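Next come two complexes, and both contain chain A; in the first it sits with chain B, in the second with chain C.
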Partner chain A sequence: MPPIAQYVFNGIVTGGILALPTVAFSLLWRLLRFPNFAVSTYLTVGAYAALALNAGARAPLEAAWLGALLATGGVALAVDRIAFRPMRDRRPFSLAIASIGVAFVLENVVRFVWGNDFRAYDVPVTRAASVAGLRIGHEQLLILGVTVALMALAQAFLLHTRLGVAMRATADNPLLSAVKGVPTNHVIAVATFGGGALAGGAGVFLGLDASIDPLMGGGIIISVFAAAILGGIGSAPGAFAGALIVGIVEETGTLIVPPTYKTAIGFVIILAVLLVRPSGLAGSRS
Partner chain B sequence: MRTITRRELLTRRAVLKGSAAAGLVVGVPGMLSAQAKAPINIGTLCPLTGAGGSYGPDMQRAVVAVVERINKAGGIHGRPVQLFHEDDQTSAEAGVRAARKLIDVNKVVAIVSTWASAVTLAVRPLCVEAQVFLIGVSGADAVTQGEHKGYVARTQPNTKLQGSMYAKFVVSKKEWKRVAYLALQTPYARSFGDAFSGILRAAGVTITDDLIYEDKKPSYRSEVTRILATNPDLIMLEGYTPDSVVMAKDIYKAGYKGAILAPSFAVNAKFIEGASVEVSEGIWNMDRAPLFDSPAYKDFSAAVPRNDASPYAPQAWDQMSIVALALAAGKGEASGTVIKDNLRAVANPPGTVVYTFAEGAKLLGEGKKINYEGASGACDFDAIGDILSAPFAVQQVRKGKSELVTIINP
Partner chain C sequence: MIAYLTAILTLVGVRALLTLGLNVQWGLTGLVNLGAIAFFAVGAYTSALLAVGGVSLLLAWPAGVALAAGAGAALAIVALRLREDYLAIVTLGFAEVLRLFLLNEAWLTRGANGVTAIPRPLHAWFPSQYHLFYLILVLAALGLVYAALERVRRSPFGRVLRAIREDEVVAAVAGKPVFRFKVQAFALGAGVAGLAGVLFAHYLAYVEPNMFLPQESLYVWLALILGGSGNNRGALLGSLVLLGLLEGSRFAKDVIPFLTGVRLAAAQQILVGVVLVVMMIRRPEGLLPETPGSK
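Coming up: the complex of A and B.
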């Protein structure tokens, strides 16, 4: 039996990759009041944007990653203008369905442009180092480090900037904040761009850690959804904690159940949270 | 749905007669009789996209090349073969939709060259129900098991034959005493693993772990952690290309220095490109081999130039040839039933060995017995539609390219 610590570490890395889209998904849900399933496809868009820059334009992966943040943020903004903004006053259910439609469209645009084959970035694969009996990869550390830094930045932005405060105000009470002079559309645009950029950045990590294919984002939406519910909708630290827990439970779960049931673990978490604590870890409203 | 009226039929006949006359004027006697009669419709259902997308296009080209030859030789009982191509996207759901179209709209008598087991299994009931003959390259045992009334056959060895050939190679390498089995969840993962592990255990090799994993996961670190904790000398990795890339990278990153054996359909040029040259280095891979010295293989290679030596396109070539010969062995009616009734008569011994449709059709016309030997092997079928033997090629990736190491014969 391998040491459980290795599984926990593996889970933390998986959680790190899940954390960024979960935060985007959770904050956008709170702000716009519907679960935007297109967030999963923003991962795919980000991964391919970086691929175009890295493998296509021969840019180093760091530059390609920054490019992917901007490109995916831009795509998210465009999607919001075209699909969600005209539907802003509809019921959340309609918007959720529309977001699934958007996900399909984006996925197929990617397939049309890049084809169905999986791809990989032009970076060398390195062997993991052994630290105190734990196998820790260079990329894994990088992914974790960047994720934590981005999470801290997002949290600082929400707590300490005018725009961040405006965003939280709009999330809490859109009508009141609009009356008080908060530029709602501006706030939504910034949140949409930021959410898209976070998800796009995570897509590059996912592509780096595994491989790039048009369905890659869709494959983790259940885990993202579970992490967001677990963390409590609308809380950035909650989403981060939720993602880590889902990652760890998914990986250590393979010790007990066969790995073929990994996806089912996400569903079990969703069910359990909804039954026991519907507001999630950090949620206050029921 | 629109029905064809009697008048339209008559007009159509008149047009066909007209074109026959035109053929006479131009003076192509071989084509004349073929064009004068209604074509025989046959469908291809190859994976042009998805996990099998590296193989489908070549398989389809092989079928097209055979049909060109058949039509040039005057068709089957004077009727030309008309092909209808569909892409199964390596997905059971897309495969079923495409098969429905081929059967209901194009009225095909046979569907040739399905690839993934999941697709073949999904379209099988449709074909059996419509009495359409189905022949593919899928390996899962279930493909030919159960009631199919003879309408299903394949040129790919069943998992028992495959598992035993893989095991035969592993046993021959004395340094592999501890083997871990790591397989993607597919219809054949369990049966292949049982055949493979059974023979190895009997030969005194320890099976250290047996793990079936799920497709489309962002990482397989925990699966790899579990497998490596059992200290294998060899990991038998039985998956498709996309998941095998992620798995092989995770195995490499985890510091494993032992050997890996995988099917060549997973460890192909796309794999090496995706996993990188370092990760791929030294990976053993094997698959059913074409019959490289067969005259039919030489014929095939000249007609279908390609970049690899994968076994599927030669099988597609043979499938189309056998289907056509089985129809030629009938009395002139074209149906799936005629094909299934004559399959073994044209493909199995006894009979004069033939390597092409033209040779075979000529002998059949003279009332002789034939035994088709193809580009992919002897193509002899047992009672349920499985082939009886196949050579296997063992390759190893060296500096970013798979090189042939040895051929294992049954």
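Coming up: the complex of A and C.
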């Protein structure tokens, strides 16, 4: 049996993958004021977009990953235009329901085209390195590195660019920032595209780390939600920390409960946070 | 043909009950329940397991309803103390965890094999026309619940629920204990869903975890949004239209030859999702709108 450290390491990789959709989910929730359940399905969209480019068009996985980023961002943007924009002024829960409908449609479009089979990318098989008794896969390191870089980029964008500041202003007070001349629709479009791209990129990682099937994205929605609540809705560093914690707890948790109950661990985290520390670890202002 | 119609109508009746339950939660009170099917499953499994264990149906059926309502109350209390959007994920998570539980805890639930030979009420009395009898039983239950929920909707209690849905701050300022009303409404809706599950289990005489997949909750939403949320007639009409949609698209494979099994199922679910989103954008009040001044 591998040491506990192995489970922790795998948990960090899982958490890294979770971090990307969690940031997207958390920031979009704060900006648009509804939990967008379609975000986790964007992982499926990204994974299959890369599959089409990699296994279908024989593109190297790096290029397919970039393509998946753009394609998923585009899909997210289209979904926002078609489904969410006409409903902006509705009760927030109506948008949440509509997002479930959207997720359902996207998942089944993927199923319609590719079927239910498990698939994998066409990448050379590499042997996992052994460091201090831990098995560390080449892909796992790559996933962690890219994830940390993307998280740093996202945080730098939010803190130091004009558009990032405008995004935070709109999230805080949409009316006031609109009055002050912030182009709300432009900000929303950029956030939607960026969020979709992050989730799509994470989908490729999830496909590399595990496998590709139509339910892969929908299957992590509870973990994403748990990470977002843990980090405090609307906080990018909080989402990162929350995702790492959820990833580690889920992986090490399988030492105690059967792996089939992995989803249940996320659910228990949600209940625990709601009961004990509802504002999240960092504490958000809402 | 008669047998097919009887079976279909019985299932429409069960679905209509489930939709009426969601209407109390979302239609009247504005509470999101993304795991409607889970409360249905709690009712079905509770009653089925008790009955198979030898407990009288007179006890097993109310127990199914009570446990579903209790689960609803407990989840609402945990989730609603804070932000209402958390109820969405708590109910979604509950539905998923419950399904895992039903699949894996075979010592209690018999796992993937499901519960078989669930006793049917008064089966010995109607040896030949049992399905017709059960249809009448389901329709009678539906009629009773419908009448009761109409009373609830017109009662002072129902008016408070609608006030909470429209603006809970105003309701709170008017001195209404909003939290308590919400928990009661959620539990009531969950109980109705539990009753639907009880009737379902003892009709099929068989339940298994994969009858309660997440998409089933979405179907309930579609029926409610189609018919018109907020009014009970809409919930009835929506269930009927939904059935037409689901059954009708099953026959599509005879017309469109290249649709294989997986593709047909996917196309059907794309249709369900698209209709839901389009209805929400274009006609959020549904086919039968809630009449504004209805008391």
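Heads up, the rule we're going with is that the second predicted complex is superposed on the first by the 283 of 286 C-alpha atoms of A that agree within 3 Å, B and C clash if a C-alpha of one lies under 4 Å from a C-alpha of the other, contacts with A are read in each partner's own complex, and residues count from 1 in each chain.
What we mean here is this: a contact is a pair of C-beta atoms (placed from the backbone, for glycine too) under 8 Å apart; a residue touches a chain by one contact, two chains touch by 3 or more.
Being a predicted model, the structure only gives us computed values, none of them experimental.
By the touch criterion defined above, A:Gly73 reaches neither chain B nor chain C. When both complexes are overlaid on chain A, the residue A:Gly242 reaches neither chain B nor chain C. Applying the stated contact rule after C-alpha superposition, one finds that A:Gly15 touches neither chain B nor chain C.
In the superposed pair of complexes, A:Ile229 makes contact with chain C only, with no contact to chain B. By the touch criterion stated above, A:Arg91 is placed in contact with chain C alone, chain B being left untouched.
In the superposed model, A:Asp209 makes contact with chain B only, not with chain C.
In the superposition on chain A, contact of A:Gly195 is made with neither chain B nor chain C. Using the contact criterion defined above for the overlaid structures, shared-chain residue A:Glu251 touches chain B, although it does not reach chain C. Residue contacts after overlaying the shared chain place A:Pro259 against chain B, while chain C stays out of touching range. Annotation: chain A residues 115-116, 258, 260-261, 263 touch chain B in one complex and chain C in the other.
Note for the complex: chain A touches chain C at residues 29, 34-35, 37, 83, 86-87, 90-94, 96-98, 100-102, 104-105, 108-109, 111-112, 115-116, 218, 221-222, 225, 229, 258, 260-261, 263-264, 266-267, 270-271, 274-275, 278, 286.
Those residues of chain B whose C-beta lies close enough to touch chain A in the complex are 49-50, 53, 89, 185, 211-214, 216-219, 221-223, 225-226, 228-229, 241-242, 245-246, 249, 252-255, 270, 273-276, 278-279. By the touch criterion stated above, chain C contacts chain A in their complex at residues 26, 30, 32, 34, 78-79, 81-86, 88-90, 92-94, 96-97, 100-101, 103-104, 214-215, 218, 221, 225, 262-263, 265-267, 269-270, 272-274, 276-277, 280-281, 284.
Here chain A touches chain B in the complex through residues 1-2, 6-7, 10-11, 13-14, 17, 115-120, 124-128, 130, 135, 137, 139, 206, 209-211, 213, 215-216, 219-220, 251-252, 254-255, 258-263, going by the rule given at the top.
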